[in-house]
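We call the chains A, B, C, D, E, F, G, H, I and J, going by the order they appear; numbering starts again at 1 in every chain.
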Amino acid sequence: MEQFISKREAAERIRVARHRAGITWAQIAEQLGVAKEWSTAALLGSHPMTAAQATVVQELLSLDDAVTEALQMQPYRGPLSEDVLADPTIYRFQEAVMAYGPTIKELIHEEFGDGIMSAINFQLDVARRAHPDGDRVVVTLDGKFLDYRW
Amino acid sequence: MEQFISKREAAERIRVARHRAGITWAQIAEQLGVAKEWSTAALLGSHPMTAAQATVVQELLSLDDAVTEALQMQPYRGPLSEDVLADPTIYRFQEAVMAYGPTIKELIHEEFGDGIMSAINFQLDVARRAHPDGDRVVVTLDGKFLDYRW
Amino acid sequence: MEQFISKREAAERIRVARHRAGITWAQIAEQLGVAKEWSTAALLGSHPMTAAQATVVQELLSLDDAVTEALQMQPYRGPLSEDVLADPTIYRFQEAVMAYGPTIKELIHEEFGDGIMSAINFQLDVARRAHPDGDRVVVTLDGKFLDYRW
Amino acid sequence: MEQFISKREAAERIRVARHRAGITWAQIAEQLGVAKEWSTAALLGSHPMTAAQATVVQELLSLDDAVTEALQMQPYRGPLSEDVLADPTIYRFQEAVMAYGPTIKELIHEEFGDGIMSAINFQLDVARRAHPDGDRVVVTLDGKFLDYRW
Amino acid sequence: MEQFISKREAAERIRVARHRAGITWAQIAEQLGVAKEWSTAALLGSHPMTAAQATVVQELLSLDDAVTEALQMQPYRGPLSEDVLADPTIYRFQEAVMAYGPTIKELIHEEFGDGIMSAINFQLDVARRAHPDGDRVVVTLDGKFLDYRW
Amino acid sequence: MEQFISKREAAERIRVARHRAGITWAQIAEQLGVAKEWSTAALLGSHPMTAAQATVVQELLSLDDAVTEALQMQPYRGPLSEDVLADPTIYRFQEAVMAYGPTIKELIHEEFGDGIMSAINFQLDVARRAHPDGDRVVVTLDGKFLDYRW
Amino acid sequence: MEQFISKREAAERIRVARHRAGITWAQIAEQLGVAKEWSTAALLGSHPMTAAQATVVQELLSLDDAVTEALQMQPYRGPLSEDVLADPTIYRFQEAVMAYGPTIKELIHEEFGDGIMSAINFQLDVARRAHPDGDRVVVTLDGKFLDYRW
Amino acid sequence: MEQFISKREAAERIRVARHRAGITWAQIAEQLGVAKEWSTAALLGSHPMTAAQATVVQELLSLDDAVTEALQMQPYRGPLSEDVLADPTIYRFQEAVMAYGPTIKELIHEEFGDGIMSAINFQLDVARRAHPDGDRVVVTLDGKFLDYRW
Amino acid sequence: MEQFISKREAAERIRVARHRAGITWAQIAEQLGVAKEWSTAALLGSHPMTAAQATVVQELLSLDDAVTEALQMQPYRGPLSEDVLADPTIYRFQEAVMAYGPTIKELIHEEFGDGIMSAINFQLDVARRAHPDGDRVVVTLDGKFLDYRW
Amino acid sequence: MEQFISKREAAERIRVARHRAGITWAQIAEQLGVAKEWSTAALLGSHPMTAAQATVVQELLSLDDAVTEALQMQPYRGPLSEDVLADPTIYRFQEAVMAYGPTIKELIHEEFGDGIMSAINFQLDVARRAHPDGDRVVVTLDGKFLDYRW
């Protein structure tokens, strides 16, 4: 049987290949014609790509066939390892959920009733906002409201 | 020594008192003249209130002095108990961090360099966005970029 | 401030009150005009009840006002404590998820594509199926398919 | 000693081989003449196959002998790794057990007395139910009732 | 609402009451006409008692009504707290499962095929065996074989 | 330095070699002239074998020298990995300890005083008991009583 | 039913009562005519006392009857809570087991063969050893060797 | 870059090499002119050796250069893996700390005041003590007292 | 027996009493004539106070006798609960240990040889350092070097 | 695709290469013209290096290109594995945070108000302080104060 690799291994190879090629995540997204948040997530293993999308990336980053195949497999999405969760750049989002989770819950229920923000019918945006005291990172989570419906 | 209560106990009493009074979190914020995300977080224990703010809330919700005092104490911010983290409305945010944490990290570093979004110099917004397929919950996290600086 | 109790404490009182009153969960459901799975879950703390529903239960089981109020509060749904998860009657469902979780995942993706069964737009049924070798417990989980949609 | 592989490794190879061969889990089941839930579980490592069954699969998917041998070994069934349990498609079943586990327990005891639904004398069904608001995933767990009997 | 207590609290009270009354677990079993292993387990919270059985115990140990009621409630069976599992008298059974669990599994499958020893249709015996080098504790676990049957 | 393997790796190889050779655990025990529970435990890594015993097994199962050497090394006995403990055939013994651990403790203390059943000066028996409702698995744990003695 | 308390609660009361009475652990041991290590362990909940011993302590420390009764109950021995294990005075013993556990194991097996030091047929000594660079704490663990014997 | 190995890997190789060479831990210590407890700990990875010491061991056990180099590296000391901690020979020391940890703490504070036994300025002795009821393992922990000193 | 409280409960009362009295931690330290880091730690439960010190605090903060007594008891020092460790003000120190722990270890060994910085013979300083880009928190840990000495 | 290695693997190789080369961490820092704390952290994986810096190190320590590349990759910073955290040299810093964490928090809030010491805009110093009773390790943590600012 021919060699294959996991999506996790594929993500590692893609991080290195992108670094070597000197191409940005945003440029890859542009080539694919999709949001940079979606394509980066797919390349790191959180969404399956079509064969056509995987081929575009393969050419941009000079990847092996095994990587291209892994990009098309159905993912297991989670969890992050402790290594990743404790990284300060990611941990601050955990910290925000800790400090404001119950607040978000109360305000969702007040505005929408008993239900949740979907993390499936969902999109993400990461942007820069200029500010005189220092620029700001603005991350927007945008998901469909789903109500408990028996 | 006079009775005192923890901020966690105060939060429980406030949730019930608000329910009994039939006042919304947004109305409380309006009375305080602050963002509803900040005041709800403060009432649930994540920010200290000034004596003046605590008095406004006391009158709106007919709270005991012990609750008012607790609102002014310096908080310990976290973590959420497992009970709270596993609640589906809050868990979806965990799930989004799981699926997209490394993506957010890559995109912050690509845009800003080596550093983090502050969760201290930080603000939060929870809003509704109308959509023909069903309205959406939009949660915006907005924090100052901090670079690793020796 | 008047006394209040948590939904967990309310559930404990309801279990005892139901035992003392000699009324079945199914009879309570019938009085409420809802599925027995929904009403039992609500009485054990997983769904909020309307004031009208809570009053029906209060009369059937001779409950205190604090219990009735707790039934109407917005719930935190989970997780089960280790005490509850390890109970053999409940653990067998964990065991089934362990043995068949990846199977269910593969078959959902094969039939529906990349997505999930909603646990929010969801209903449950617990029934008896007669069988010559011994009757069987049949539990049906029925949730809307949600596809990953950016 | 000749090479051998674990059932977990075999499952990984089968997932890739099936993807490459473009055959569905249902088609494999049909060739074996068994339920698709049983055969998928067996191929992913939760049931031992007979030599005859393993040979059918070997031919369909062009598998190595080591995979065929692994399929016939007695399995260890569980637990799922955290990676797998946190995948949203599988996690929703955990969430359903969290929200409704005590409800299921009460209703089993009310209908059958003190005992459990067997997860050994047990079968599973995964199906699609058409619905105007969007089709639904219906998962049926069907196990023999076992009463505590000293 | 009248006072009630948990089965765990009831077990604590029974341990003390038995100590004060100077009655053995075996004598209680004899009064109930059941195996001492079953009655001790029931008194410690692992089996529900009938009203008649609970009344016999109430008289023997001068228990409150709340204890008698708790004995009749449907139990949640487990898990043991870490406090209990680490007690050396109980831990040695954990240690035996650690050292011999896979052995027991191989020998059950060799003798019976793919399946388990039921812990539901199950009984237990604790006995003394005289031995010249020091008497021995003999614990017998006896459960129905259940085969995986789809 | 010549190759060597761990006892865990040796156990994996022995499970496969036994399967390929079509020899039962009981037949191996017979060749060794010991109880099948002892020899199976030794082959799976829980007891050291003498060189003579290891050679008998090597010939029966056509094992490499590295396996034979590993069988003679002093073992580390435990714990079982979560993978193994959660296997239903083994988990039922955990469940029995959960349900009956405190019962066993009370009955040992009642019969013998303050002390434990040794898991070192200890033997195990796994047997079949015929029964009209279905045959039963009978597992006997037999260890020397050790009293707390200062 | 008369009040009773747990051994843990009794230990807390004894620590305070000893402090108030200004009596040393060694003096209590002397009154009891036993090693100070045994009596301190018994007073902190790790050994049952006889009624006579408990009465001696009751008089020395002016304890309630509930404490005296608790001292005579059969203990559950462990584990220490994380609070206790992380205390530096106790943690250093954990650290010593971490650094030297495998060394102790190798040397026991080299001297005695396959077996263990009993923690049941066991005694402990805590002493001061004068030393010019600063006095030393000398803790001696002395337990019967038990060999694996089938 | 030339091959290197971890201290853990080195320890595994040394255990096997010692077994093959038929040399005791005590004999190695004698060749090194140090206590057998120190040298065994160093060989298992808990102390760095000098180049001279490592060379003596290399010759005695016919070790590769990579092992000799690893013995000289600065160690990370802990923790033991769960595999090692649960081994009964080592676990009994954990159990002794559980049963007697608070006792040791009280007696150290009574004798020395507020402080600890050092695990750094520390030595260990493992010995046999003959006894008519069976010989005993005597383990002595001997560390400098360190008082809390600001 | 007179009431007593734990050091943890005492710390909670002291935090509230200090807030009510409007006295700073530094002022308390000044009254005691000790470093503010030592006295704050003692008041929060990490060091025992003398009776004289406890009386000074009692008068400053109008504390009950039970608090004063608790301040003099020998402490258990740790660990912090998860609640406390996850607080962002404290967590940043954890994060610094994560990012720089191995660095600190290498530099200590390079400068001092094999050993540790004592956390017992140890003092702490927390100070402000003015800086044009914003003032800085400077925390100094100062402990005696202890070398591994057999 | 050319070989690449993780930063963790790179750190292991650097530790060995430095040992072989007989160069100190301080000398490497001197060649790089940066603080020894920063460069050691970067070499152990906690900061990215520039290509120029990585080349300097490559020449000093004769490293492979894969190591040099890894040094330039963006790091994931944490957490430390349990192996590393439990090492006594590092653990003492954990212990200090345990004993003094709440003290540090109170004193930061008293001096600066509600906020934290940044671990990002942060620098570290490790130094020796001579002392007649034995030299001392002095570790200084110096981070910008960040106030909670909405």
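Keep in mind that, in the parts below, contacts are C-beta pairs under 8 Å (C-beta built on N, C-alpha and C of every residue); 3 or more make two chains touch, one makes a residue touch a chain.
Please read these numbers as outputs of a predicted model, since none were measured by experiment.
Undergrad: I'd like the angle of the rotation relating chain C and chain G after CA superposition, in degrees, nearest 5.
TA: 145
Undergrad: Can you compute the centre-to-centre distance for chain G and chain H, using the mean CA position of each chain? Integer Å is fine.
TA: Taking the mean C-alpha position of each chain, the two centres sit 24 Å apart.
Undergrad: Distance between chain B and chain H based on Cα centroids, please, to the nearest Å.
TA: 50
Undergrad: Could you grab the centroid distance between chain D and chain E? Build each centroid from C-alpha atoms only and quote it in angstrom.
TA: From the centre of chain D to the centre of chain E is 33 Å.
Undergrad: Taking each residue of chain B in turn, which ones touch at least two of the other chains?
TA: 15, 77-79, 84, 86-88, 95, 98-99, 109, 115-116, 118-120, 122, 146
Undergrad: Go ahead and list every pair of chains that touch.
TA: After working through each pair, the chains in contact turn out to be A-B, A-C, A-D, A-I, A-J, B-C, B-D, B-I, B-J, C-D, C-E, C-F, D-E, D-F, E-F, E-G, E-H, F-G, F-H, G-H, G-I, G-J, H-I, H-J, I-J.
Undergrad: Taking the complex as given, what residues does chain G use to touch chain F?
TA: Interface residues on the chain G side: 34-35, 38, 47-48, 74, 109, 114-116, 118, 120-123, 146-150.
Undergrad: Residue numbers of chain G touching chain J in their complex, please.
TA: 86, 88, 91, 95, 98-99
Undergrad: Spell out the part of chain C that touches chain B in their complex, as residue ranges.
TA: Residues 1, 4, 6, 69, 72-73, 76-79, 119-120 of chain C touch chain B in their complex.
Undergrad: Which residues of chain A touch chain J in their complex?
TA: 12-13, 15-17, 19, 62-64, 82-84, 86-88
Undergrad: What part of chain I is in contact with chain J in the complex they form?
TA: Touch list, chain I to chain J: 11, 15, 24-26, 36-37, 40-41, 44, 46, 77-80, 84-85, 87-90, 92-112, 115-119, 122, 124, 126, 128-129, 131, 133-145.
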